[in-house]
Structure formats: C-alpha cells, structure tokens
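I've put the structures underneath this note.
There are two complexes below, and they share subunit A, which is joined by subunit B in the first and by subunit C in the second.
Our next item is the complex of A and B:
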C-alpha cells in the first residue's frame, strides 16, 4: 500500500515537471511564416516513366495549402499532347483548400488524379517521349501585421522616448508573396498634423508568378491575358485601424522585388509622445506555376 | 630560255638573302625551298596518278614511264657544265639535308607507283601470272586494284563537290532542315545486304563463280496490309552480264510483312581470268515517317509573357525548347522545321500570317532513292496550307483522311475507333513529286501555312500552351547495291 502511494506521488511529480522541452501553447504558434502557398507535387510513379501505347495511367498530385491563407476556386489544368494521349476524366479541376491553422498546422492536403489513356503510336514508330504537365492558378492573400512606432519627433531631438521610428525588416508571412520591409517616414504639415507614410517592400519568394486574381481561369486556359494582368497585386494597409492610401494603384510588381508607398491622407493629430501602433498590410493576388514530367510511350507489340 | 631566267631569279633572291642575313640563312632558304617544291611535286604527281588510274591503269603506267624518261633526259641535259655566274655568291641550290630527304622520298614514291602500275596491268593478264607466292600476290593486288578502281569510279569528285556546295548553300540559306532518327531500342528498320562474299577463296579460269549475301528486312506494319516488296538482281562487271539467283531466275522477288532474313546466292556459269566485281542490288519500296513538335499559344498571352521577360518554356516546365524533327529508321533521313519562333503565337482575329514548314529528304544508306512516289503532310486542324501555286514549291492538293484511317489499322483493334475519330482533327495534303527523279543526296520541299479561324480552338487546346505535331510521310522506292571483288586464276597455271 505504501509502495503504491509512493509510486502515485512520483508519477504526479515527475509526470508534470519532467516533460522534456518546453512547449509553447498552441495558440501562440505563428502560422504566418514561410514562403509557400499551394504546394503541388507529382506522386512517385504517377505518371510513370514508361507507359505502353493504348493503356491508361494516372497523373497523381499531392496538393497542400502550406500557407496561411485559404484557397477557394483554385484551378488545376492538365496539359498533355493530344496526338499521343487523351484524358479519361476532365482536363481541369477546381481546388479549395484550407491554409495552416490551429486545427491543421500543416495546412489541408489532398490527392488528386487525372486519368489518361495513351493512343497508338504511329505505325512506323517504336517509342515517343511526351510531356505531361499540370498548371495551377489560384487566388491568395498575404497579411503582414506588425507593431510600428508613430513618432512626431522627426528630427530626434528627444532622447528619452517610448520608441523610435525605425525600418522594420520582415521575412515571410506564410505566402509566396512576402512583405520584406516597412520603411516609415513622418512629416508635419502646415496644419501641424503628423503625416505618416510607409514604403512597403514586396518580394515574390515563391516558385511561380503573380497574376491578376480576377483572371485565374484565363491564365489556366487558352484565353488571352494582357501584360497588365501579370504581377498585379491589390495592396491595402491601415495604421491602427485607419485606412492608408496606397499608390500606385493598381500596383504591378516589377521584377521579383518592388515597393509601394502608403500614407494617411488627413494626417494624425500630432501626438505628445511617441507610441507604438499596428500597421496591417494585406496583399491580394493570383498565383500560378506548373509541374511537369516526361513520359516515354512504348509500342506494345512490334509487328 | 624561261628555265634559265627562272634559275637566274632564284639565284638573285638567294644572293640577296645571303648578303643581308648571312650564309646560314641562305642555306636554310635553299633547303626549305627545295623541300616545298618537291613536296608539291609529289602531291601533284599522286593526284595526277590517281586521276589517270581512274580512267585506265594502263594510262597511269604509261604516264609514269613517260615522266621517268622526261626526268632522265632533263637530268642528262642539265649535267653539261654551266657558265660561271659573275658577281654572285655561289650557293648550290641542291645542297642541304632537306633536299636529300625529299629526293629519297620522291624516289620511294616513284618506285611504289611503278610497282603498283606493273601489278595493275600485269595482274589482269593470264599470260604472265604464275602460281605460288607471286600468283597469290598478283591475285590479291588485282583484287585491291579492282576495288580501288570501283571506288574511284563511284567517287565522282565533280558531283561530290557540287553536292557538298549545294548542301552548304542550303544550310546557309536555311533551306536544309534537320532531323534526328527515332531512338530505336529494338532494331534498325529497312533492308540490309550483309556478309557479301565469294563462295570460294580461289577460282580458276572457266570455273563457276558464286557469291553469297544475307538479305535482312525489318519493317513495321503500316496498317494497310501492304508488304515491303523487294526485288534482287545481281551481275558481274557490267549490268547486262546478270547472274543466276537460283532456278535460272534473274530477278528474285520477296514480299516481307514484318521481318525476314534470306540467304542469296548469285551464280555465274563461268568467269574469265582476272579480277571481277560482282554486284548485288536490292530494290524495294519503303515508307519513312517524320514529325516535328510545335507549341501554340494565344498570341496576346505569348506577347505579355515575353514583355514580362518570362521564359515561356521554363514557366510551363517544357524541356524540349528547340524541337527537332524525328524520323523513323530507314534508308532516308527526313528533316523538318517550321520557320516561326516557338511557341507559335496565334492571333484569334488575324489568320493571314504565314509560317513555313520545310522538309528535307536525304539519302543516308549506300544506295539511292529511285523515286519518291508520295509525300504527304498531316497538319493539325486549324493549320491550313493554301493550295495555290505560291503555297509550296511543288504542286499540292488537299486529300481526305484515308491515309490516317489506314495508319489506325496498325494499332490495337480496341483503339481503332478512337484512332479513326482522331483523324478528323487533322488536315491532309499530298505533294506532287517528280517520280522520275533519282535522289542520291538530298531534296528540299517547303510549304507556307496559315491558320483557319474555324478551328483555332483545336490548335490552342484548353491549356495555356498546346503541343501539336506536323507529320510527313514519304513513300519511295529505294535501290541498295553491294559489291564483292574476286580474282580468277589463269588456266595456264593449272596446266
């Protein structure tokens, strides 16, 4: 009896205190990290390296939303050589996946298949290499929310203040498009109001291209797209709940790295002292990329 | 007089060099000048000898003897004492090590040529050839010479040079279209004559002579149940002297559906002494298919991507960025190319833009194409070749899909309906080729094509970029020829 009591006490003591590394509470985990959005991976052997003529095979895809936003109305389109194969199912698929969350820390995943049948090779042909690819087009969102110092002492005359207006260096927000830097600028206008403006630096850190989010289906089809539909981003920002006006609008990312300027139109009443506020930057855009594999079609029987 | 003037000029030059740079420099000048002159002479002699030999071995021998006589006479006349040259530094033009080596080399070449020529002329003569080592040597050399003669007779340097120039010009002008043979893991397609050899190592004057060869045929069914028809003939020295291919047949005909290997024996009742060349020729009809990949996308989409400096192929995971035509194995090469930069941008509202597709048919075996009986083009629906005079460099007409339907028959029966249905997604054209024209080197064909607005959806597909194929099917008759050389010993030797 004494032994049992001792064991019980020991279990309670050690069980509670020696749990290994310290774990953060689930609610503290930051899901807005990383540069992934939709991840698309061809399954091993689907499609296979070699396939015979007049036989069916599958193109298998593991799709996962590894970013922090949800994907709704995404589109997958199969690209194949119609002279050598044809899909047994539809050529396009709709995609809807939940991003990383407390309930699903790795993001929602799914496996999708396109069933394909190869055609007969030409009479005199023995083998043919054919490319099978799947393009993905989806709308996505990047949200950067950071504390920023609102400081009316623009010439730094006050030494002892709560915070200083400094450039924020950021890395990623759980999306292929990242806000990498926020550079604050303050000036006081003729009315004595404090006018904050921010240079927001944006970088495409993913493996694809930014597209107009309103033309997702055009990009993943044979339809025409304009030059302005590439790299088109809708930028919105607010400072402490007050909306900022961003320009240029519509914003077009030039190269992989560019910046947008956002400012408060009416300015702020000049604060007595520096204080920390929150700047929220939201980027809405479409994103596209392609995965591909070469399949060798062999003649089934040489006559 | 001219010779004396030339020698004077040379001595002047030599004196000048010796005075300016010293005696050693003068000696070197004389040495290298001699080497150069003699090397050029030897090379020129060899070329002249080759050319004469090509015409007649007798002529070659006569020319060598004439050259030797001329040289001796010239040497004899030159041995008379020359007048002393005033006010010049005397340096012997024929002194130095270089001159000695060149002289020795020249002598060796001359001796080899004379021996060679004697063997050529004497080798064929039954009167002088004997048995034993000399007889065998004569036989072997005669065979060698006969082979050399055959080589020179088939090698027409003027034609070869013209063909080379024509091909280089076509390449430079972008009218020669490349292609690569389909990777073939099984076997070569076509007709092959292999292991052609005499049935006996030695023949005597009046003996029955026969040669053997293996005829290998490998064809893939073209679906129309049409076999490859092969006609074999053989002859000795001249085409009219035809041989017996068994059962007194002068022509042997085979019908091969897929693959076959046959042994052929060509017999001649008797042969005269000397070297003889026996030819075996196989004539057959064959088909070669070639295709080239073309990428199509909406013109506006292509333009927008290029303006964004995006690599279109990389964006769509395409590795074959510069498609080359692929042709099936066989005796000819079929190269193809389109002139438009890939991917080809299709303007929905403007179909007048014209691109060009070119086809090169080139002989790649030891024979030649007797005639191209049919050249067909299969283009995806949406592409249209205008059938007017200016569309192609040969008359062209649109034909129905029977060619495609026929090809479907070669596939599995289960797949046949789908295959035949697919035939409606192409347009077919046939070019009117000159059937009398032999093709020993290469021939180009080209056609301009535009787009048919009714079927642009077929061309663009449902994806951002589509891959289509343009095909060429060439039906032709081919003649393959192989030869073996034998030596028949003279009768006197046996006696």
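Our next item is the complex of A and C:
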C-alpha cells in the first residue's frame, strides 16, 4: 500500500514537472542579434605588464567571431615599437572563423600567439614603456531581413486592412554595422503602378571603423590607404525577391546615422489589398579595430 | 419503510422530470426574424497552423455561414495579406486531387459564393442557416536570408443582402379628436429590434398631415452588424478595397409598402449612413384610409445593400535553417 502511494506521488511530481515547463523550439533562436563581429581579447599575462630587456614574451589573443556572419580572409597584424622590440615569428596572421549558428551558438573561437623579443635599452634608461597592439581587419556582412507591409492605400482611406505601412525600428543584426531603421514610402506613378521606396538607416554600433572590404590587406599593412576607402559599404536590397536599386552607390557612411535610398525600378502592379512581404538588406564592408596594452621594459641588472 | 422510500423517490422523480418536460414552443411558432447576423466566417482549427516551415505545403480552411434570414444572391471573397511569391499556390502531394481543395489563387482572384434557398438561410424550420466550407493549399518559399516572418492571412468577403422589416403601425386619421377612446395610440415607434440581418429598421416616426388624410414617415435605419456597409451597385465589382468614400455606408431603399399599398415618394433612395452607422429616409404624402378610429396596419420596408466582413489570422513562417 505504502509502495503504491509512493509510486503515485512520484508520478504526480515528475509528471507535473515534465509537462509544466514550456521549452523554446529549436528553430526559435535568432542568431542575428548583437553588435559584435570579431572580438579580440588579450590573454592574461600575454603580454605581461613588465618584461626585461633582451627577453622573449608572447602576445596572446582569444579571437572569437561573435557575430552572425563568417570571417573568411581576416588579418591580424602585430604593432610594436621597432626601436625596442622585434617579432620572432610572423607579424601578420590570416584569420578564418565561423559565426554564430545552431552548432556554435557563441561563434567559433581560437587562440593565437605572437612571439616578440625586446631589445636592449639605452645605457642610461632604466625602464621604457612601450605600447604593443594587435589590429584586426576583416570583411563582414550585415543581413537584415524583415517583414514589411506593401500597401497601395497611400492616403490611408481603408482603416481595416491586413497591415499598415510603417517605419520599422530595428536594433542589431549580429554585426558591428546595423540597419537601425527602414522607412517605407509608396506612391502611384503615371502608369498606375505602385512605386515602393525605402530609406534604410545604417549605424556603426561596433568598436572599430568601417573600411573598403576589397582593401583589407592594405589597411592591415604598411601600405598607404586612400581616404576614400574609409567608411565604404556595398549595399544591396530586395523586396519579396525583387532587387531594389540603391543610391548613392558606392555608399560612404557619414557620421553615426546615415541612410541610403532603395527603390523598385519598374514598380509593382498595384495590389488590391495590403500584404506583408520581406525586405532583405545586405551590407558588405570591411571592419578594423585594435586592442593594445602598455608593456614596461625593465633594465636587466646583473649583480 | 422501503416501500415508503420508494414511493417518495418515484413522486420526486415525476416532479423533476415531469416539470422539466414542458414542451417548448412548437416548431413554426418561433419568431426567427431576429438577430443582426448575416454572413459569418472563421478559420478552421489549425488551418492555417500558427507556425509553418519553409518548403511546407499547408492548408487554409475556412467556414462560412449565412446566419441571417435572407438569401445571398451574389458574393465574393478574397485571400490576401501575404506576398504571393512567399506563399504560393500548391497542391498537397500527399492528398488526392479534389475539386473542393483549391490552390491559393496566385493572381489574387476572388472566389464566388451564394446562399440560395431555404436550406441556405435561417428560417422557422432551419435555425442554423446556410453553411459552406472552403479549403485552400499553399506552399511556403521563404527568401534565403529570412529566418522568420510574421504574415497575416486575411479573408475579405463582400456580398449582397436584404433586410425586410415588418412593423406594426398605429394610424390615426383624426388625430385632433381626443374626446373618445382611441383603438391605439399613433406615435413614434422605437426599439423595433432586429430583423435577421446586419442592417435593421430601428425606429419609425410618423406625422399626420393634410388634416389626417396623409402621412409623413421618418424611418431610422441602423447598421447593427460588425461589418462595413456598401453601395449594392459596387459591393461586388469593387471588392475588397477599391471602394471610394461614396461607395461606403450606403443602403438602398428597395420598397416601402403601407397597408399593402406601395409607397412611391420615399427619399433618399440611397441612404448615407455615415460613420455613425445610422441613417434615415423619409416618405412623404402617403394617403391613409379614413376610418372613424385609429387602427393598426403593417409597414413593410425592404432594404438592399452590400456588406463586407473580414477575418484575419497571423501566422509565423520559419526557415528550416538549411
């Protein structure tokens, strides 16, 4: 009898707990969030705070692709004071990492090391503070894909309809460049066709700078870079699978909050009722940023 | 003791079941011409489902009733709310081809419907009204970059309808004579209730003119349903969203008879109901029978109009992550 009661209670407890908790379906996770792309983190003690002259030390980095896109041809470049130290291994490294996904919800990570040797200090110097830094340059992509209302009722005469054309306020898409707002505008042309156009607002929400994605290697090298290659973004957009023409192209991001205008060249047959479609905006660009640490080189005193 | 108990129980049972079996009003006696419903629709359970995945073929099931007391000689409904390049026409490969399962119209064309005959409307013998079922199939084709999309599935239906109201009216050919008891009191009638249609006659005011020989009527018409009134001339061709402001909130006065005689001078013939959903028409110069006392007669008003009703369900389309 006691055993039966115990079994019944156990069934109630576990039965209730199994059925009571709702779980998010697997396909519910959205990886296109956040403002990060490539993240660099200097490892503790690599480099150390103090090093002696004529000794070897390491600059260690944890590199992680925390964004939603993959990095294929990224570059890491070591920067140092050549009068006080020199690299023992390569100064430049190639980088390839996969972004967030179901298989890798935090994004792919790796650890990289640069080996450096300090030179002897001048005879009269006891210490010298020197900045060691690593710059990253990589090509990245921001993809914003949102439902948008296509509505030919441009004067809002119909109150009850499937959707209303409204400005979309967006946050982030798992990349340092974000599409923050999409403003739809519709008008009827002389042929009775519906012409949609969209103002797409773009903001640099990351901790670095936007560069021309075709000049990645130039930026992370000693080569001179053209000022026109800063803040250069390739913008493409589609509405329901139909390509939109965007201008100005090439697009140069001015300030924190700039916009590009995209429209459909031939217009749409005027729909009888409002409907929800998809607007896809893809930004292709390069990105660069630097992490650094001050290292104190101490004179080696031999007793 | 047992016998007494059994007797008590039997008597109790007789009271309970005997009292409960009072016969309700006989068939045919029910005033069925009430209510403000016309054509109603709803989506069938889980058709569409709340979440549909990229590449899936899914069903949209819709039920339609004629819960009013009139026929629907002409009606059309449209599926909308979604991009037809994302939800496309498809046939379910696992289902045998049936004529009653319709691929979602790719060109946005409408589906005609009617409700004709006694079995298709509410009558004293048919309390449910007419019923239809429609099944559509569609396939989801999400753009490559899209992981999820919230999409409304909307049905707009436009149909022609009538309201026929029969109102008892007291007429007084000698309103100035008050020195005898009148058979009935002539005056305004309000709260005439509903007439088994979304538009109802909600009040009648009368005024005796020409020394009691003629009558002037003011009839109040109300949109008591939850849909949109449409000019019957444009309800079908301009459905669902091509109406201009002059096509909306319009009711046509089809005929007015008083005491069996057609009343000719009623205006306006096309009532503007306005956004308030209430309108009026006036009938002038109606001759009435000259009797010695007031008397009750019947005013029959027939209205004709278009009506638009809509239903909508929001579903989520999800990519499969492939």
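Note that in this section the second predicted complex is superposed on the first by the 280 of 303 C-alpha atoms of A that agree within 3 Å, B and C clash if a C-alpha of one lies under 4 Å from a C-alpha of the other, contacts with A are read in each partner's own complex, and residues count from 1 in each chain.
Convention: a residue touches a chain if its C-beta (ideal position, glycine included) is under 8 Å from a C-beta of that chain, and two chains touch if they have at least 3 such contacts.
Please read these numbers as outputs of a predicted model, since none were measured by experiment.
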### Message
Both complexes share subunit A, so when I overlay them there, do subunit B and subunit C fit or clash?
### Response
fit
### Query
According to the contact criterion defined above, which of subunit B and subunit C contacts more residues of subunit A?
B
### Query
Between subunit B (first) and subunit C (second), which, if any, makes contact with A:277: first, second, both or neither?
second
### Message
Applying the document's definition of touch, where does A:195 land relative to subunit B and subunit C: first, second, both, or neither?
### Response
neither
#### Entry: Partner chain in contact with A:257 - subunit B first, subunit C second, else both or neither
neither
### Task
Scan A:79 for contacts with subunit B and subunit C and give back first, second, both or neither.
first
### Query
Mind checking the angle subunit B, subunit A, subunit C on Cα centres after superposing, to the nearest 10 degrees?
140
### Task
Have a look at where A:125 lands relative to subunit B and subunit C in the superposition and call it first, second, both or neither.
first
### Message
Quick check for you: in the superposed arrangement, does A:226 touch first (subunit B), second (subunit C), both or neither?
### Response
first
### Message
Quick one: is A:291 in contact with subunit B, with subunit C, with both, or with neither? Answer first, second, both or neither.
### Response
first
### Summary
The superposition places the nearest Cα atoms of subunit B and subunit C at a distance, in Å, of 33
### Task
Could you list which residues of subunit A make contact with subunit B in one structure and with subunit C in the other?
none
### Query
Any idea which subunit A residues touch subunit B in the complex?
53-54, 77-79, 81-83, 86, 91-92, 119-127, 129, 131, 133, 135, 209, 219-227, 229-231, 289-292, 294, 300, 302-303
### Query
What does subunit C use to touch subunit A in their complex?
51, 53, 78, 80-86, 108, 142-143, 145-152, 154, 156, 228, 240-242, 245, 310, 312, 318-321
### Message
Going by the contact rule set out above, which residues of subunit B touch subunit A in the complex?
### Response
182-186, 189, 220-223, 257-258, 287-289, 291, 297-301, 303-305, 307-308, 310, 315-320, 328, 330, 348, 380, 407-408, 410-412, 414-415, 418-419, 422, 425, 457, 460-469, 471
### Summary
subunit C partner, complex, touching residues on subunit A are 25, 27, 30, 32, 102, 143, 145, 147, 150, 153, 157-158, 160-163, 238, 240-241, 271-278, 280, 282
